[in-house]
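Next up: some structures, all given as structure tokens.
Paired with chain B in one complex and with chain C in the other, chain A is shared by the two complexes that follow.
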Partner chain A sequence: MAEVVTRQFVPASQAAVKDAQLRQALRRAGTGFDGTRREAIEEVTPGVWEQWRVQARRIKEHTIGHLDYYLEMLERNVTAAGGRVHFAVDAEQANAIVSEIARANGVWTVTKSKSMVSEELGLNHVLEAQGIDVFETDLGEYIIQLADETPSHLVAPALHKTRGQVAQLFADQLGVPYSDDIEEMARIARVVLRQKFLDADMGISGANFLVAETGSLVIITNEGNGRLCTSAPRVHVGLAGMEKVIPSLQDLAVFLRLLPRSATGQRITSYMSMVTGPRRSEDEDGPEEFHLVIVDNGRSRLLADPALRESLYCIRCGACLNVCPVYQRVGGHAYGWVYPGPIGSIVTPGLVGVGQAKDLPNASTLCGACRDACPVQINIPRMLLHLRHNIAEGPEQYEGTGSDTESLLARGFASVMSSPRLLNIGRRIGRRLLAPIAKGGVLGPTRIPLVSRWTRARDLPIPAPRSFSEVWRDELAGQQSNRSGD
Partner chain B sequence: MSQPQPIRASLFVTCIVDQLYPEVGVSVVRVLRKAGVDVDFPEGQTCCGQPLYNSGFTVEARRLAERTLDILDDRGYVVVPSGSCGAMMRVFYLDLFADDPEMLARANDLSHRIYEFTEFLSDVVGYEPRTVGAANGGTTVAYHPSCHLLREMEVKEAPQGLLDAAPGVERVELPDAEQCCGFGGTFAVKYPHISEEMLADKVAAATASGADTLTACDMGCLMHIGGAVSRQGLPLRVRHIAQVLDSGAG
Partner chain C sequence: MGIPFNRVSGSQSGSLGIPSQQFRETVRAALGRESGAPAEPYEVLTQELPEIEAQAQAARDRIARERPELLDQLAATAGLRGWNVQRCEGAEEGLDYVAWLVRSLGATSVARSEQPVFDTAPVDAAVAGAGGLCWPAVYDGPASRTEVRQRLAESGMGITGADYAIAETGSVVVLPRRGLSRLVSVVPPVHVAIVRPSDVVGTLDDLFALRRLEYARDGGEMGSYLNFITGPSRTADIEQTIVVGVHGPREVHMVLLNKE
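Presenting the complex of A and B:
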């Protein structure tokens, strides 16, 4: 499995907010994607966008609610089309399955189209350790592969890189003259990758959707690389999380409307490929073997928890990242694993264990922009709250994740707030202690523990001389309502 | 205009106003009264439990929610000058007591009669601010829609409508208004480095708006934004919307 560094969220995000180049890249991409997304939604007939969201959500609710049924149907229909389905419980097993397929077919060169699941599995390194050359063919993925980095965004994996950084990377890694002209950089990548497509023995793809009734794997790309990966090599291996299944082609339609608009603001994607089994005798091309590896790797845990189940409705459009004020400041890598941003803050703790990812659900203001943007209406803030609850005082598997200090403070707060008398005594003591060091009724920079984390950038008002309750009692209670107003 | 029966409402003032900003509570009462509302202030109220709930401490949050319900049961309309406390009581109490039918019924009852201050003035009272009387001098105001008011209580038009109708108030657009200010309760002290980045953008937007006053319906957000404005010595007034509507508060 890909390395998990979620424990480093605080130092990583501290470094990220100071990184001017990252900020510039995030600003450009985030506002760009979100702007085109909003425009694409606005041109849809009023009300229809909401109908699509509801429809998509119902399809996901239904399918995830009957996942065993649809996975069996999928397996049956993939097999009937001449393909083979493998179920992998965890990353290790998934990697072993793909490695074995490669070994059995004498594979030495692999081309890949974009697959977040393969990032999750850390598959490239496993294959490379066996002497297999692996080439990412999505331009963004190719860039981060050259840089030996991980994706920082669900849709745009190299979003954290500025144009100049990519130009330098190409010059260093490919030995081409430095050029930061985007067309030229794309041309360079195309020349390199074209040969790999011709050389590859095996193509690996992700899956945006798996259609149970036809046994089809659906991938959506803008570069056409997915089509080459799935049709040119002798063997095609599709990788998918088990939540990707939908019942029918009819159900696919609404997602084809929602996904491109939500991801990049496109009305329609440039390429949509549907793969149903290997090449048939009458086909001119296509792979001789088709394997579909369906990965659990912790998804069963999300499925089993009614409060977190809807995280499996995610179609990985990235809209929640583009609107998230936290993601927009810290970027994807700070989240410490494959899935960043609001949805990553649910999925990552679910898949790697909340014990080592407890910052993720907490590092949110619960502003709710993600829920508004989500094409499947996933209630992300609600799930963040649920995870926080599990961390603070939740069931067995989460025990030991909370902080004792915080729990003590919470109990103290509740006790004071349970007694108006205590609260008023507290206010008077607080005012008496703080008044001598306050200026103009506010506290400036201070070394008081905890308080200093507020006052490092903001002044803090000190408690009022009289509470509102006292003002009410002394002055307001007896007065009459002034109904006419003048 | 004749009004047969004054509308009666109980004020839940919020602990932050009670302890730190009593003058905001005074403006709330004054505006409600000028709008013809018979205001009552139930004794013993403190915190609705939201800070605890948002930090995951539901056991402790229930303690405070239960005593808040004790205080607000059978009170008719409840008005709260905060979108985030309002959201806690209207929306999240229902989650908090989802597995306790008796408490859930009480929470559900409250959720149907609790209103944020501007929402109440606009939707229940049908208040037109011109009845306040002339404002002293003109003021340009930028409105920051706080996240929970906007996205949990879904109150969007009411505050802007009241500001637009208020005499002497010129509302100017706040750039990227619906971006969170970075407060987020304990978030501001748990992750200050992120919170401060969001805050800096909000303060820059308020400055760019050209307004002399920044307003919102939540003292939490305003304490956060105002804290930076005061630290940086910026020429911007930061005031709760009740203070803007309450011409008498100067």
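Presenting the complex of A and C:
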């Protein structure tokens, strides 16, 4: 599995906020993607958009609710089309399956089209250890592979890199003259990778959707690398999380309308490719073998908790990242694993374990922008609250994830806030202590013992000289009665 | 080229990983449900052949009625999505356009598929008249695969027909098979698609309704590949700047015929 550094969220996000280049890149991407997304919704009209969202959600709800049934249908139909389906409980098993397929077919060169699951599995390094050359072919993925980094966004993996950084990377890694002309850099990638496409023995792709009724794998791409990966090599391996299934070919229509618009604001992508088994004997070309690897890797944990199940409806469009005030400031790497942003803050704890990632559900202002942007109406804030609640005082699988100090403070805070007498006393004492050191009614970031993680990053307004109930009693209630007497 | 394309494959055994039964048990346990079909069946999947036929026929009838409007819509949408759309009265005018393209690009090698559309549109002669050589990208046995691929990689243009064209999205749909290579529309830097009025459908729903009918009729044969092509190959992976022609064609032309 890909290295998990989710425990470092706090320091990593603090460092990210200070990175001026990253801030600039995030601003450009966020406003760009989200702006075109909104235009695309206006174009079809918000009313129609809502109908599509409801329809897509219903499909996901039904399929995930009967996932075992649709997995069986899918397996039957992939097999009938001449493909083979393999099931992996975890990353290690999935990597072993792909390694075995490569070994059995004498594979030395692999070209890959973008797959978040393969990032999750850390597959490239496993294959490389076996002596296989692995080439990412999506331009963004190729860049981060050269830089030995993880993707920082679900649809734009190299979003955090400036053109200058990519140019330097190409010069260092490929030995080409430095040029920060974007057309030129894309041309270099084309030339380098074109030969790999023709040489590759095996193509690996992800899957945006798996159609149970026909046993088809669907990928949605723009560059053409997905078409080459699934057409040129003699073996094609598709990797998919088990939640990617949809029942019927007809269900595809609504998702083809929602996904590109939500992801990049495109009305449709340049390509949609649907693979059903290997090449038939009479076909001109196509792989001799088609393998589909279906991965659990912690997804059944999300499935088992009814409160978190809807996180598996996600179609990985990235719209929630583009509208999230937290993601827009800290970027994808701070989240410490493969899936960043609001949906990542639910999926990551689910897949790597809450104990590893307990800061992530707190990386949200709960503003709800993610829920509004989600094309399948996933209620992300509700699930973040559910995770926070469970971490604080949750059931056994969350045991040891909460902080005793935090829980003690929260309990103290709750008893003060629920007693008018204690609140009043607290206000007076607080004001007397803080007023002398505050500036303009606000105490700037300070390190108050026990609560410094809170106070060092926030302004603390000092308690008002008079409480609201005092103001109400002395003035407002009087005005109210005057007015009613008019 | 590395290992030959048609090398005999190694693994012929069954599934790797855990047995599917066991995988599904885990899923079922997580869902807390009994095995078997959904209590309330999924409507689309309960359809029998006559129903699927009726649905497809309804789509066909509507398309036939609205054909002139759909052709206009296709031309407009495809233009917005990056196709160079050339509307032509018939095959002859379409071939004139192809010849003009070959001449202006200076293409010497032009690959094409073997599809019925070329019976009425003799493209080889048109390309030859423009100074190029048009050749069918089909394999005569495994030995020629390497050679065909190499020729494709050196071709300046690829010409195909369309199995469908979707007015809603501006897409050309190809179903690679005997005569129609997967690579001919993606490897050369310029792709020309010849679209006849009978290829045009209205919406994504029309397309999938028609495909479902073929699937149901053919006893569950979907064909190995289906591809939507909507505009040129493009990327915005560096600073959200759009560049066309990354791994696929930088230029795509839709020759849209008003008559078959």
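Going forward, the second predicted complex is superposed on the first by the 444 of 486 C-alpha atoms of A that agree within 3 Å, B and C clash if a C-alpha of one lies under 4 Å from a C-alpha of the other, contacts with A are read in each partner's own complex, and residues count from 1 in each chain.
The rule is short, and it goes like this: a contact is a pair of C-beta atoms (placed from the backbone, for glycine too) under 8 Å apart; a residue touches a chain by one contact, two chains touch by 3 or more.
From a predicted model like this one, the values you see are computed outputs, not experimental measurements.
Contact with chain C, but none with chain B, is seen for A:66 once the two complexes are overlaid on the shared chain.
In the superposition on chain A, contact of A:479 is made with chain B only, not with chain C.
In the superposition on chain A, A:234 contacts chain C only, with no contact to chain B. In the superposition on chain A, A:405 makes contact with neither chain B nor chain C.
Looking at the shared chain after the overlay, A:14 reaches chain B, while chain C stays out of its contact range.
Taking chain A as the reference, the larger set of touched residues comes from C, when chain B and chain C are compared. Those residues of chain C that touch chain A in the shared complex are 1-3, 5-7, 9-11, 14-20, 22-33, 35-38, 42, 44-45, 80-82, 137-139, 145, 149, 153, 169-171, 176-183, 186-187, 203-205, 208-209, 211-212, 215, 220-241, 243, 245-249. Interface residues of chain A facing chain B in the complex, by the touch rule stated above, are 10, 13-14, 17, 325-326, 329-330, 362-369, 371-372, 382, 385, 387-394, 402, 406-407, 410-411, 413-414, 417-420, 423, 427, 440, 442, 444, 450, 453-454, 456-461, 463-464, 466-472, 476-477, 479-486. Per the touch definition, chain B reaches chain A in the complex via residues 3, 6, 13, 15, 17-22, 25-26, 29, 33-39, 41, 43-47, 49, 51-61, 63-64, 67, 92, 95, 131-133, 147-148, 150-152, 178-180, 182-185, 187-199, 223-224, 226-228, 230-231.
For chain A in complex with chain C, the touching residues are 25, 28-29, 32-33, 62, 65-69, 71-72, 75, 77, 80-81, 84-89, 93-94, 96-97, 100-101, 103-106, 108-109, 137-140, 143, 156-159, 161-163, 166, 182-183, 185-186, 189-190, 193-194, 197-201, 213-216, 222-225, 227-228, 230-232, 234-235, 242, 247-253, 256-257, 264, 267-280, 282-286, 288-289, 293-294, 296, 300-301, 303-304.
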